[in-house]
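In the two complexes that follow, subunit A is the common piece, with subunit B as its partner first and subunit C second.
Entry: the complex of A and B
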């Protein structure tokens, strides 16, 4: 820990020194916080571990419980390989949500961006004959553009992100209907389908590994780079972060643009999975993604939106749904599972945060 | 004595087996005949006697409210209505809606305020949602009807409507089941899917499963309800998990073919060789049939024809003629062999021929 800097308003170099000192102070606070966490790792108490690995344990218990009724399906590798492969786009969409959530913004337009990206690829590839790589690049650029537009309205006009992204999401839905002429477009190049689901490693469609890679990258950025730390810091207290010299506006713009880009990647995976794009179905994935993001924030790094937690949460929820399908339970249970999962996850997050009122 | 009993039992068992085999082969033959019948290009059968449409519609106008204009299915039916009105020469308004009850209600109110003579709720708009508005419109002297919503044989027209032009969903369901029976020589293990909240689902579902049960002793089927709002999130996991739980499933039969876009990846990821057979003739599904191997057969109907047949039924209602409550639009089977006739990309109207245009013109007394 460094000493508190002496307040003063003399020469610019002195002010610079004070500024540096404050930054160092904050860095050291963060590192002491990390050390304390690290110490806990060395001498773990059961409560911390239960929090960190609770969802993983619950996942295993869920498999065992469902496996007691349907052992042939629940204990078969093929079931999990299939499930892993078919949820890649939900993982990507959850990761897209997670970045603005970390900086304290909600992005309700991510599912629309996923649909837009999917439709752009289909229109460019099927209707205009463009090759898949070019179509993917344009789809991701469109996602970035939506993120930048969201950021502009949120930051320039000072509007709450919920309102802006609700509006832009609805607007994008109209754009999708417009560019598709309200049609579902089939016949996307087989190359994309092969690159997402028809190629397998260990029986798992390759789309899963893209999602895993994306999770790894986001986990690394948040855990081991100063950029990740700053994003986290902005989310914990914008004013404090600003006063500490973090460029809050730039961080929030970056988070919204990244969300747009990653949601567009989710759209690429969605198109690759089906070989078709339709104007509306992507919107249905918003709630599952929110449920997974919040459920993920209760595990691995509890109390913080985190990529590995979100990854585990997506597959925890999917395992539950798979097991219920095997048991022949009616499909409305899926709504109970996702809706209930979201509320329970947020409640657990709140308990971890000491029931501090949410902004 | 024991020998005698054994012989009797053996004879009985053989007789039963023979009888069952007979039932099975008869079922397969019937299925093949049905397929043959609906593989022929549609022919025009007049729904009623000819009449002078121009004269009777001279001072009348019609108001059509589709379920949503954002759905190409509804847009194609509406276009059929518009074309028919142009042929006869009367005023027809195709109201723009986006699957919103507020838009539907506004449509009814507009039709009443602008003194239209008839309101038609077409292509799945549930009239049950609008009973107060329908009652008000009828009190104001308008006729209210629905086209392509109810089944022609198993569902009755509600009292709060003046009439309805209905579709023969039962035959469509039978064709789907018959196809699977014929292709597997009576060894179907089918997964049937549909959204229970949509009016035609029940007759389609019951016809598919009922036909399998009645005509195929070795066939089995299982049904999963997938509400429309949950198609994207539930269809794929439900089908995938059903295929994992029972890898012997050889046919997936969604009652509406738009579900195919979520079923194809489920079949691919689960590594199954199941085929999709369905109903609607939706263009992108016909494109999927042309470009891939998973969509095997689709029962379609010309939606332009549906629009003209709906107009015919409505004109008869307005002109006080014998009512027509069943659309004369025939079902038609698309497979790899004839899917090219539907166009590339496919459309809702190509591939069925155009006998209906001349047929209706002649019926309406138009040269």
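Entry: the complex of A and C
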């Protein structure tokens, strides 16, 4: 690179030297200015912080607002302990959803897998007398199998994930009715119920801590492993990932299979929480899970589907519902809250993205 | 300016009049005070190399770009409002056929032909028999037989091109239905590169029939032979300026070449040709898109350029050698390793030390919504891992080191890639690949949309990579760039290598000449 502004390279005159010194001075000034500009942009200002912790703040405000009307219940630790325990399976279900969402696929079959897993445990344990650990293993394997089937149709035939998982989800609902004879099966071993809900730490059922652990694992994988980065690249730029040597197919298969497995774990928690399995109630959790996944993507790591965000979002939404129940509002409020929550969450994340059409 | 050519008939207003058209992009003049007129019933050629302003001109006419104030564009004497509005231009009789034709492959010929009408008319009950018959009648006027019920995707490339032109013609005919004094202007934007020679003749027959019916045609092309064959007059653009409008019959091939390329003397390359040991051997590489079979080799430390006109296939070569399309055959030998192109994929190519930087910066090379650091570190994540996993600080620090060395500005690894300018994004993406110390570096248009300063830095990075012993293959239509950085340049035409330029032949003018001549040589 020759920055020499003189056309001929004759003996450098005094003026020339001064000129060059001046240029150097200006360039160093410019570079220091650029560095300071760069640092300024990376430093988290109040706006990014507000975005990052907005949902946590909104959660606190929600508690205070509802507490203004029903202080005895809203400010009682027991209410929260119960709520934390009874929403553990929604956390797990949301986490299951997060993984394919990160790689750019939708999985509408997660709630069905949760129901299937719940029913498999009940049938094996109650009807066939199998011990709980074996039943759990088989239920999780069934979840993996559903994920693998989804992945096969999505990747081999090139069908959009929405269509495939809508179909497989409905298919699984049929399987659940079939293996249960359309009946609720009660009487699952106390061992499972003890291991999920009856044991408590700080008043919170142990199921909550499983969900917390799962959140931690997925947070670690997404944030602190190269696998997590690759998953993110697959979702954001499939072609870029492929041309950068990432095995996109393997990533997407893995995402669908782990979604199945984690949805099955959600089913285990669900069964343990109630001691029974019924053929249809699990399906109602699909929308809450979607709402929490999208609402979670507006917080903690805004703009990304992320586990801690989803965790906060689940409890934000369920606090709202709990509070409105205390106020004596009818149960339809649950639908209003989750349905509205999903649309509002997606709208907020679109604002963050600058209203570019979703892909 | 209305030299030699006498307009067909009727009123004295020309078909299309462009006056004082300028267009500025971020300070650079893409069009500099261009004035040109297209007469009724004439075929008017529009020629120029890349960056001449040809496509900017077309895009202004199509309403994609707003020209600088002061320009007028009129059709049949009536000025259009600027920026050009698509519907208004269509009503006044302006129709486009772009290179990619704009047909919907899964619909039938009739549906494509009347797409606009079917989509907008108040049709509760389309009578398909009548519609198909109308289609047959239209084709009969041009002595063509096409099955109106055939799916467009099943037609040959030639038939599709003919259909697109007829569709444009029908649309200007409809526009002139209420005013017979406006037979319409068709703009054909590079319609021929993908057609076989016989198809080009058919297309030209159709163009002549359109002009016989009074329409004017603007024929945009790289191919001087075709321009000589079909046009009445031709306008040459270079560096945004209108160089000349000539009567085709009085102009020779070489006079056109001269006007397109100009007489600028490019600085002769001071670099000496490197003749390192051969490390890369390409053996009968071919793709199903009509490239090859090609055999050539690249020495370690050598920079090989590949170029040609649009449609010549040279730009498919980097992707083919990287195995990114899985439509190849043949072999690539890299430092003793043999890669079968039929089964090659990017993952294996990378393992063998082959890296590829695509031209589509935010579509294939990097993800705009993710940070510069994430983009740069993607290939080396495994190396950055510590016992506790991947730390963002470490990723950012690694990226910061790379970006500093590559001169990326601003130096902020946490910024999304899309926030960087084209040149800086390219420096970052180049550094992403150079850090893996490749044996073979494949580049497609490495400095497209990159400012002059960044260009120099990218070239310097390439030079030091070559110095370190890597082989570099650059696909580009920027002849100036090829002349500056390459040790050898291969010229492509119709999927084949037709010339190899070395040493003193490596200047902008010679490369351009070979590209334009290659068409007539291979025809």
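Note that in this section the second predicted complex is superposed on the first by the 316 of 359 C-alpha atoms of A that agree within 3 Å, B and C clash if a C-alpha of one lies under 4 Å from a C-alpha of the other, contacts with A are read in each partner's own complex, and residues count from 1 in each chain.
We take it that a contact is a pair of C-beta atoms (placed from the backbone, for glycine too) under 8 Å apart; a residue touches a chain by one contact, two chains touch by 3 or more.
In this text the structure is predicted, and so the values were computed from the model without any measurement.
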Report task. May I ask you to decide whether A:303 touches subunit B, subunit C, both, or neither, giving the answer as first, second, both or neither? Result -> second
Query raised in the report: Does subunit B (first) or subunit C (second) touch A:229, or do both, or does neither?
Result: second
Query raised in the report: First (subunit B), second (subunit C), both or neither: which does A:240 touch?
Result: second
Query raised in the report: If you stack the two complexes on chain A, which partner ends up touching A:278: first (subunit B), second (subunit C), both, or neither?
Result: first
Query raised in the report: Of subunit B and subunit C, which one contacts the greater number of residues in subunit A?
Result: B
Query raised in the report: When the two structures are overlaid on chain A, which partner does A:326 contact: first (subunit B), second (subunit C), both, or neither?
Result: first
**Report entry** Partner chain in contact with A:197 - subunit B first, subunit C second, else both or neither
**Finding:** first
Query raised in the report: Of the partners subunit B and subunit C, which touch A:220 in the superposed model: first, second, both, neither?
Result: second
Query raised in the report: What residues on subunit C touch subunit A, complex-wise?
Result: 322, 324, 346-347, 349-351, 356, 358, 363-367, 369-370, 374, 377-379, 381-382, 384-385, 388-392, 409-415, 456, 460
Query raised in the report: Contact residues on subunit A for subunit C in the complex?
Result: 1, 34-35, 37-39, 41-42, 220, 223-226, 228-230, 232-233, 236-237, 239-247, 303, 353
Query raised in the report: So in the complex, which bits of subunit B are touching subunit A?
Result: 69-72, 75, 224-227, 229-234, 236-238, 240-242, 244-245, 258, 261-262, 264-266, 268-271, 282-285, 287-288, 291-292, 345
Query - subunit A to subunit B touching residues, read off their complex - result: 70, 73, 76, 78-79, 82-83, 85-86, 177, 181-187, 193, 197-198, 205, 273-276, 278-285, 288, 318, 321-322, 325-326, 330-331, 334-335
